[in-house]
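Okay, structure first, notes after.
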Amino acid sequence: MRRPPGRGITDLVERLLTVAEVYAPVERDQSVVFDRIESAREAAIDRGPAALSPKNLVFPRCEMLLSSSTRGDESGRAPDPGPGGPRVLFGVRPCDARAIALLDRILGGGEKTDSYYIRRRESLVVISIGCTESLETCFCETTGGGPRSTEGSDILLEDLGDRCEASIITEKGVWLAGQIGLEHDPAGARTPRGPAPPAGPAADLAELKKRLDRSFEDQCWRDIALKCIGCGVCTFLCPACHCFDVIDEETAGVRVRSRIWDSCQFPAFTEQASGYNPRPSAAERFRQRVMHKFSYCIERYGMPGCVGCGRCVSRCPVNLDIRTVTASFLGDGGEP
Amino acid sequence: MRNPFVPIPMTVERNRVETVDGGIRTLTLSFPADADRGAFDFVPGQFAELSILGVGEAPFGIASSPAEGGLLDFTISRVGRVTTALHHLEPGESVGLRGPLGNGYPMSELEGGDLLLAGGGFGFSTLRALARFVLKQSNRSRFGDITVVFGARSPGLLLYRDDLEEWGERRDVRLAVTVDRGDGSWTGLTGTVPDALRRLDIDAGRTTALVCGPPAMIRHTIPVLAGLGVAPERTHVSLEMKMKCGIGKCGRCSIGGRYVCTDGPVFRLADLENLPGEFR
Amino acid sequence: MEASAIVRTVRERAAELLASGRVDLVIGFEQGSMPMRAAPCFVSDADGTDRLVWNSFCGVNLARFLRGRHGRIAVVAKACDTRALVELIKENQLCRTDMVVIGVPCAGMVDSAAVEEITGHAGITGVEEADGRLLLTAGGSPVSLPREDVLCRSCRRCSTRNPVICDIAVGERAPEPEIPGFLDVDQFAALPSEERRTRIEAEMKRCIRCNACRNVCPMCYCVRCFADDAFPQWVGRGGDPGSVMSFHLVRALHLAGRCVECGACERACPTGVDLGILNRRMSADVYRHFGYRPGMAPEIPSPLSTFSPGDPEDFMLEPDRGRSCGCGG
């Protein structure tokens, strides 16, 4: 049963609020989302995983890239980044932090880095709390993470009730810990009190990738996707999904270019202006989602595009469970 | 750190109709700023994002050769909101440009050998850039025999008539122009690009093939090239997969673990054959 | 009839239909990947009918899955599924003779999110149903909840509990509660306009434009949705609240006189947007002006999509006559 956070956690949040903007899970309209808090009381650490992942903080659902109110000015201006003080993302689960590590490699890495992402990300310090219990939908270990994974976290906390133990992981973490007098526990969160919750068996990701790669043309995708309704719930709730579209709008003489979350599950994602679509049905589109996460991301970024947070599992309107799909490829040692 | 989403401003120099139905036009753009012109270093086969703020942005192959004094051609088929707005641009007006993007044709591999350029529809644009580059007098001696095959659905949809006329008269290039369906006045080849390729006599061992066109054309051209004996290692295909950001972030042009916008758009056929068949 | 008997009968009938060749496909529900989930399933041979289940979590409207499929199809349908089928037949999207309706009585579907909320997100590892109660294993302990307490919002106000069209009836008719018409709509309409606007805006603010509401809706079948058109672009795709509002308002208008109030959209919404706030108002207006309740009577034509040269309502030809109709149109 879920329990409220210990005093150690709430004390820490109070101290954080004195040095930085703090974003934490909060309850809004009966669901938990990440938002800015002004007091520790607002944080809903004990309310289960946030309905929406914190990716909105580094990769907003809609972000202005350029704007101009001058005719003929085709370069436009990027929005003013603002004061850029430190922001703390507090109380994320290790799976969500790990998704940020993936976004760092995709949006923050590469030959051309994404300056909008970098600007938001540089000012952000990520403090995660090791999980002490798992839900029906959790499968972090299947994706190579775990309830105390440190990837993507600057500080990982272990909630011990009246106090909390900190693993300070990065330079940013050291800096923030210095600001609030948080000490690194040498044993730290790596030696949790009590057993780590089960979060699914560790899958053989390499084997899964191999089997997916040779199943691209398999008819099974048609059967798997039969019930898929092609909505964007899985991709929009996913903390690691990062595909976007770039759109232009003009309102009252102000011309704006923005990027918005997009979904590989939408037909328009790949439909060309001519009407040709290389992924014409749900089968190809669902296959793309699975392949992108468990083959292409591993190949390109060295980690899967899925961290096992379980949001897509819990919210898919038709219960198209990605765990079942990947398991079907790993099952009985043969072809799916 | 340069913001990769900010376009450089360009000026429209010319906007001319290519096809009889007016559906395809070629824009010629110049750089108002010398610094931008100096920094714009590209090879044939690369593309750029053209944009009108408030309307939209779309990728287009660069249709002119790098050796054309700071002028860039883009051939644009009118199919949607952005392309319609681009068609309406008048000389002197501004347009945004991000680029050059993508890898381009493998120029160093092309030197010294024979070239076979095969393109269909407005996918021919980057092959036109390549042809103009290799056929330039000062470059011509670096390449062996050059064959250009260009196909369109009908005579009215043929592009780059001035170039076709010039190449047709030259003795150092073999040109085959074909249309799917002729009309009363058409005296040239009829049939598809693969049909025209089948009739060719080439020295496959010396030839590198460069292919660009719609997916159906590519699908039917690849086996014909194999039949002619051109090795998959020496066949390069430029893909048209829908792109958006052009810098390997937005995820929509993924084919397997590759992005068309940064790993392509030009792929060696031998490599493509190891990727999922979404380009076919 | 006990739930298990319903399941058994559904399986038997489905197997007979497939074995005899009367249908090529049965669309029903199977056990989902975890407790409190049932998933649409597609069975095309008699041996596979053992997968079929029926329980309190069969909330998806299966009428959505019939369009665009070839052959004869049997569908395991609750009342609101059949209401959608009726409308789809009227709109010539489905052919009555190509379908076999296996009708199942419905006592309302359970909102799994509500169960999770009540049980403190303790982790539900088991669920059974008996005598109008859910017997759950929550956080390792048994918990018993009355179904009535955790019904989906749309099911609480639904008085249609039996299939409207049916070829094979399974189970006994469910009692149909007397529920006063559109109490929720009237209560909302009685609020000051500013408060109504604030409420609606608060709902729209949660929308993340994932299209789940539209894609799960049996009546949203446009080949190209206005919201997906890029040229011309009818509605913005960015974060502008006006664009979000436009999407939902236009969708509500497209559904006026067609929405069967199955609530599938609300159940699919990942952020819990109360779409009924718009759609129910449309339903109330259509009922009050035309006496029409979508999906309830196969023989009555749809008021907003039926045209006749002899239409006594000639307000469309004479604009002045229409002003007093009060429909706001």
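Each chain carries a letter (A, B and C) given by its place in the written order, and its residues are counted from 1.
The rule we apply is simple: a residue touches a chain if its C-beta (ideal position, glycine included) is under 8 Å from a C-beta of that chain, and two chains touch if they have at least 3 such contacts.
In this text the structure is predicted, and so the values were computed from the model without any measurement.
A.B. asks: Select the chain at the greatest separation from chain A, using centres from the mean of Cα atoms.
C.D. replies: Greatest centre separation from chain A goes to chain B.
A.B. asks: Which chain lies at the heart of the structure, taking centres as C-alpha averages?
C.D. replies: A
A.B. asks: Measuring centre to centre with CA averages, how many angstrom lie between chain B and chain C?
C.D. replies: That gives a centre separation of 50 Å.
A.B. asks: Which integer distance in Å separates the CA centroid of chain A from that of chain C?
C.D. replies: The computed centroid separation for chain A versus chain C comes out at 31 Å.
A.B. asks: Provide the C-alpha centroid distance between chain A and chain B, rounded to the nearest whole angstrom.
C.D. replies: Roughly 38 Å, centre to centre.
A.B. asks: Would you mind listing the residues of chain C that make contact with two or more other chains?
C.D. replies: In chain C, the residues touching two or more other chains are 230.
A.B. asks: Residues touching two or more other chains, restricted to chain B: which are they?
C.D. replies: Answer for chain B, listing residues that touch two or more other chains: 80.
A.B. asks: For chain A, what residues touch not just one other chain but two or more?
C.D. replies: Residue numbers touching two or more other chains: 245, 247, 249, 256.
A.B. asks: Which residues of chain C touch chain A once you look at their complex with the stated criterion?
C.D. replies: 32-35, 37-42, 60, 64-65, 117, 120-125, 139, 202, 206, 208-212, 214-216, 228, 230, 236-240, 264, 267-268, 270-272
A.B. asks: Under the touch definition given earlier, write down the residues of chain C that touch chain B in their complex.
C.D. replies: Its residues touching chain B are 230-233.
A.B. asks: Give every residue of chain B touching chain A within the complex, in rising order.
C.D. replies: 1-10, 51-58, 77, 79-80, 83, 93-96, 214-215, 240-242, 244-245, 247-252, 254, 256-257, 262, 276-279
A.B. asks: So in the complex, the part of chain B that touches chain C is made up of which residues?
C.D. replies: For chain B paired with chain C, touching residues are 80-81, 84.
A.B. asks: In their shared complex, at which residues does chain A touch chain C?
C.D. replies: 1-2, 29-31, 47-48, 51-52, 60-62, 133-137, 226-227, 229-233, 235-237, 245, 247, 249, 251, 256, 258, 260-261, 263, 266-268, 313, 315, 317-321, 323-324
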